[in-house]
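Read from first to last, the chains carry the letters A, B, C and D; within each, the first residue is number 1.
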Amino acid sequence: MVELKDYQGQETAWCPGCGNFMILRAVQEALVGLDMEPHEVLLVSGIGQSGKLPHYMKCNTFNSLHGRTLPPATGAKLANHELTVIAIAGDGDCYGEGGNHFMHTIRRNINITLVVHNNQVYGLTKGQASPTSEIGFVTKVQPEGVFESAFNPISVAVALNASFVARGFTGEKNHLVGLLQKAIQHDGFALVDILQPCPSFNKLNTFKWYKDRVYKIEDEEPGYDPRDRMAAFQKAQEWGDRIPIGLIYHCERLTMEEQEPVLARGPLVKQPFDRSGFEKLLKEFY
Amino acid sequence: MGDFCRVPNYIKVGILSLDFKIKIGGAAGQGMQTVGHTLSHVFTKGGYQAFLIQDYQSRIRGGHNTSTVRIRDGYVSAMTEGVDVLIALNKETIDLHREEVPQGGAIIYDGEKIKLTQQDACLINVPLDRLASEKGGNKIYSNSVAAGAALGLMRYDFNPLADMLKEMFIQKGEAAEDNVRAARAGYEFTANNFSRQFNRNLTPLNDRRRMLISGNEALALGALAAGCKFMSAYPMTPSTGITTYLAGKTREWGLIVEQAEDEIAAINMAIGASYAGVRSLTATSGGGFCLMVEGLGLAGMTETPIVIVEGQRPGPSTGLPTRTEQADLEFVLHAAHGEFPRAVLTPGTAEEAFYLMGKAFNLAEKYQTPVIVMSDQHLADSYWTIDNLDISRVTIDRGELLATKDLAKMDGYKRHAFTDSGISPRALPGEPGIVVVTDSDEHDEEGHLTEDLDIRRRMVRKRMKKLEGLGAEIAPPRTYSTEGAKTLLIGWGSTYGALKEAVDMLNADGASTGMMHISELWPFPAEPVTKALERAEKCFVVENNATGQLARIIRTETGKKVTGNILKFDGLPFSPEYIIAGLK
Amino acid sequence: MVELKDYQGQETAWCPGCGNFMILRAVQEALVGLDMEPHEVLLVSGIGQSGKLPHYMKCNTFNSLHGRTLPPATGAKLANHELTVIAIAGDGDCYGEGGNHFMHTIRRNINITLVVHNNQVYGLTKGQASPTSEIGFVTKVQPEGVFESAFNPISVAVALNASFVARGFTGEKNHLVGLLQKAIQHDGFALVDILQPCPSFNKLNTFKWYKDRVYKIEDEEPGYDPRDRMAAFQKAQEWGDRIPIGLIYHCERLTMEEQEPVLARGPLVKQPFDRSGFEKLLKEFY
Amino acid sequence: MGDFCRVPNYIKVGILSLDFKIKIGGAAGQGMQTVGHTLSHVFTKGGYQAFLIQDYQSRIRGGHNTSTVRIRDGYVSAMTEGVDVLIALNKETIDLHREEVPQGGAIIYDGEKIKLTQQDACLINVPLDRLASEKGGNKIYSNSVAAGAALGLMRYDFNPLADMLKEMFIQKGEAAEDNVRAARAGYEFTANNFSRQFNRNLTPLNDRRRMLISGNEALALGALAAGCKFMSAYPMTPSTGITTYLAGKTREWGLIVEQAEDEIAAINMAIGASYAGVRSLTATSGGGFCLMVEGLGLAGMTETPIVIVEGQRPGPSTGLPTRTEQADLEFVLHAAHGEFPRAVLTPGTAEEAFYLMGKAFNLAEKYQTPVIVMSDQHLADSYWTIDNLDISRVTIDRGELLATKDLAKMDGYKRHAFTDSGISPRALPGEPGIVVVTDSDEHDEEGHLTEDLDIRRRMVRKRMKKLEGLGAEIAPPRTYSTEGAKTLLIGWGSTYGALKEAVDMLNADGASTGMMHISELWPFPAEPVTKALERAEKCFVVENNATGQLARIIRTETGKKVTGNILKFDGLPFSPEYIIAGLK
């Protein structure tokens, strides 16, 4: 039996009151709940406050570049698809610097869980607007307030027909643990965007701000069908007084691993390398 | 007429044993490359050796492209000036290249489309289009007619061409027989009407089997032979051919080739795959490499093995997308912020391309760091007749890679453990009982982010320490004819063949010249280079760029200034004659 | 009066039968129809077959990097918003290499018209799959066929609440001219994705393939309201036997230029530079 | 006790005229930077000159940071070893830095939180938290208490501090009076209880007004003064401060600052804005610069002026995000594939940062090519007391920029016209009657894509030709005390102050040492550097990196090998003492 302490990592360097602590805890509980051992799990993170999360765990970790969480996660998964690969990213990291990979990894539908610590701000670099910051959000670099409309990851993921699209909130830990577990168990690419207060730099979208607004879809709309794409798109637009959390969209698609014929023979890294056919191969050139 | 200004008068066509060149010119889409490749194959099968170069524009149809094949009775790796037979599929070919044909040469053209008079060369008027339509059933087979016509002119055996065409078109699912008929019509037309006048009959030498292979194919085969299992890349001339070749072998060879959304994804995916344990490759050109630079540093910092092929083309920026240049060397040597070890290999021929790919993967894994193999359009797109590629010479050394049983014996695993060599034994994620942690931030031995500045100092030293082992793996440059030579020509990468032949030509004229070709360029082999420089009176660096990059590196690494640079930056490769002219 | 010949450029280097000829013609006619002079127009293109278009016109041209059509277009527009800025891109260019800029330029709602030559293939590099290639599309690099789901630019643009989203077809030139004119006149970011046959490398989505499928929304669904976002999202999903062309989505949003207070004083490039306040500024540091 | 191993014994605290250092240490969020900055201001107002450095971790709260201010009665630009007063806001500060305090120094700490015994230094036990709560009403004002305590210890005039705090907190909209009360409590506490024992009273020198400015502020002001109208950037330490400063001035100064989605967009937007006619800037660090490399080449090829600030930090990769290093030099010099001219400026002080930004914009526009200004965390985050920034010394030279009336006289405009200087007169898009065309592909004079290889050759030469003019604009390196000096110290960028002071210390000890500081590094000033090298017996290059990059460049450009390298790569800046130790 895996226990929480198996996932105990380094000392944290986050600010007191940061929502990241809850995400850390939720990821640990989700993995323990699924009885996964640390060596079976690979966390790939970017750079930002979120990017530090794997260091506070104890499992395989590839802490990559800012914005580049998904490509190495994809490469690692294709090389060894027996690993449970979880990509940890920030909102700036994943929707700003790494926006292109976000779209194209969804297209691949590779079996990776993407966890986005969405605090609607650049935390580690001290409070500039992020793609998810709201219009009017004032920072030192945006003294007139943000002009750009906020990036809506749920909306874009649904538009790209991502196979699993969910939103969580750090103030609802158990709910989040459930979402993470479903996402990890989902066969295909899963997005879990997490509303995460940043008490140091986001004084607008505070814990209370979120708390006052979020509602669990399953509680308030038991009839909601996450398989209905139009409904999901509509739900994706809800933001403001009421913010839905839970599983928003879900569909069946072949994963990349299922389509890649070479992987039917097992993980790439475990396939023996046989060069005996080389002489035959050279015949092409004679 | 014929102002032969562009054919230097030291041209030696026909003086050496056999030396025969055919250039096919036309618009993109007319199939010049197919003719060039087919003829190269035909002669290779006949015991000759071919060297085939491609000159094409960045467009799919129209414009002006050429394919030039040189045939010799020995190994050939350079294209000299002048051609013996010019096949003009359009008028432009004649306008641009007629002066390359010396007296005694021939121009095959379609007199029903192009009007030609007054030439020093024999005019071989062949109704290419008409024969294609009449005999092949379609005008588009005129390139096959032309191929046949070239062979007919020399009364070379027709059958190998017929076999080649059949094989090729059957694969493509096209009308093989129609093509063969078209080719035969061309063959008979020239054999009957012109071969006497041309009077240079050629017969197959022997039936020794040799390969005909391009630089890109050799690079790709090198990766396959080395056990590369993962490639992610974004298309970019001139390296796309590597991706294409490997993509065609995935099922058979058990590898994955993924087209990434951009070059940033390409290198980072490859790094991820390598971290997870498989040999990984990416390939691009200068522009794509620019986007990979941050990933390069990531590989350096996380000590993740990775092989990158950087196929150069003329820059800066988009430049001339389909031509050749060697102007990315200093960039590649210094790419990415901060300091970490890397190896840079610069093959000069198809064989070297193959074997150095094997070496690249070994170095990358042994030293857990990025290795860059530099190619260019001239290397990538040219074809060589070679004896063989010997896979038994390709060893696979994965370096200090810990197996499950090794790990069981260990007491806690640290991915970045300090060691004397700087190399930390590598484990792969997924091994029970351990975790493999790494970070682009400075990290401690376990791989965890640290701001302990003592650890920082030690980690920098540990990483840089690997340069020593890496440096010792670098083979000394290849030298040729340097014994007592007064003048030394120095080059790297694709200039190998032109350099060697320039040396032969010069020495045949009584000069005392040698060459040194650097195909394992970094860590720089300073000692042998210094010695070679000291032995010669004059040293010239020959480079396809405008500023003399290798010459500068030589100065930094050896303190020596070379006598001069012979440079070329118009997108075309060197000919031996151009190098010789540069010495004057 | 501006005439077509005013926009006459260099000789073309496209393949015979290429859809790009029609796009070139349509762009020229659109500008002539709007009576815009070549010096008032700036075309910014990327690299690809589409990227060559400006050379075949005669107007201000910045032919930038592969994938980077939108950022220099944005910079140029912000520097001189009196210029009519049209960004010319390919599908690989804009949705692959440049995907991140596509999303974030939509967020900015800057007054640029983006024209995408969508031939569902990489033309200039000889026929690899592009992000819009369909699942199963076989190429030399995708010998097993494409695994990834096709990128749907219309769907993503609607999801990002782009203020003008249209699809054209090279086989419907006059319709295309009309769309381009509306897009140019639209105040804000406008996407015109153009279905463009590539006879050399896309043997699946041929002229006939498109011709058999496209229909004009305005003809067949006169009641269609492009201001209805849900309807637009639904329409964006139509692909297969029937492919809608025309204006798919349209909304009112403040443009970046309207929000940027400095631009209220006129184009940046024309604003005089006054350093007289420098001494005062230095007071902060005393 | 006190193992003074980390304070070299040649330390000269108090021997030179006035030389006083205060270090404030604590966890991120405790406001060390505010204290350091405030004290620096207070002393600057009193006629002293300050130099303030920051050492912080990559986290927002917690961990361990310090801010160290050095006060002199003359210009100061380096931090020496040792501190006179250590203010410990947490225990870690004492553990890590107590040994830097020599006998006679003082340690201010809160004895109610930290227990301390046995020190060579005076122990100044101040109930920081309690005074903050009691007098200020909130524990968070303990940093103000500490600032007051430091001044009280020296019985320095309290009023300037009160004024500063008021001004600062009123701006921040916080309780100014509470802060002042807290500070006063600290002041009185030490003045009454400890100032005698400490016995180093300090009074204001005069009321000469001087500026206190950081490297980032100076860079930003330099851009403003030069008429920069557009900046696009993506946040990255240590350059974000430039963006932040300029973003705060947009309305007032009529410029646009756009936060891009990534660095690729940042540089390409800036290029677009520059093409359209406004002076454009971007700023980043090594990792972001990696992503800008392709854009750099685009600027080179399209001949679009652009200024890039590259603020270095320790690499490779993410490295140590908040520390300092100078390991990106060779990368910056060779970044991007292909060949094109660029200038690289490497200021060593705040003043140089300001004036060289002006020069950067002029060079970029005159030579229509990218100019890179290299900074690093040490330059960016440090503060200097300086006399003034003289805007009249900042000329604006936009180069050959054609006005509408010039164009009217011309017969057809060609953006890339061949000229003797290589510079093609530049017009802006929007001018009636002409169009401005450019391309990342090789292009003809009009700017249209071309595959004409003769034009290619000429265009390469034209672009490279600009290097001549550019080279002539580069000022010779600054030398100091080189007259007859036997030993020469050579540096670039932020090491200026440490080098200069090392020279002073050495010469005061009877050595014969001079320095040469290169702040305009590329095109390399080979002639003056060669001369300086020839005049000295021994030459040492001092660099914040592990491999000696400038030393290699000197070798390439002058052929000379320096005697040795003094290197440091632990993320911290040089002290003069460290340099001197390196000579031994």
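In this text, a contact is a pair of C-beta atoms (placed from the backbone, for glycine too) under 8 Å apart; a residue touches a chain by one contact, two chains touch by 3 or more.
The shown structure was predicted, so the numbers you read here are calculated from the model rather than taken from an experiment.
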item: Between the pairs A-D and C-D, the one where more C-beta pairs touch; value: C-D
item: Distance-maximising chain from chain C - centres being C-alpha averages; value: D
item: Centroid spacing, where centroids are CA-atom means, of chain A and chain D in whole angstrom; value: 37
item: Centre-to-centre distance between chain C and chain A (centres being mean Cα positions), rounded to whole Å; value: 30
item: For chain A paired with chain B, centre-to-centre distance based on mean C-alpha positions, whole Å; value: 42
item: Per-residue overlap in chain D, given as positions that touch at least 2 other chains; value: 57-58, 63, 250-251, 261-262, 264, 287, 294, 298, 302, 317-318, 321, 439-441
item: Multi-chain contact sites of chain C, meaning residues that touch two or more partners; value: 47, 65, 96, 99-100, 103-104, 131, 144, 260-261
item: Contacting residues of chain A [partner chain D, same complex]; value: 13-16, 47, 49, 65-67, 96-97, 99, 122-126, 128-129, 131, 140-144, 200-201
item: Chain C contact footprint on chain A (complex, rising order); value: 96, 98-100, 103-104, 107-109, 131, 144, 147-152, 155-156, 158-161, 229-230, 233-234, 236-237, 253-254, 256, 259-261
item: Residues of chain A touching chain B in the complex; value: 9-10, 37-40, 42, 44, 47, 52, 54-55, 58-65, 68, 70-80, 82-83, 100-101, 103-104, 260-263, 265, 268-269, 271, 273-275, 277-279, 281-282, 285-286
item: Footprint of chain C on chain D - complex, ascending; value: 209-213, 217, 221, 224-225, 227, 229-230, 232, 249-256, 258, 260-262, 264-278, 280, 294-295, 298, 302, 388-389, 391, 396, 428-441, 447-449
item: Contact set on chain B toward chain C in their complex; value: 29, 57-63, 234-237, 240, 243-244, 247-248, 250-251, 257, 259, 261-262, 287, 317-318, 321
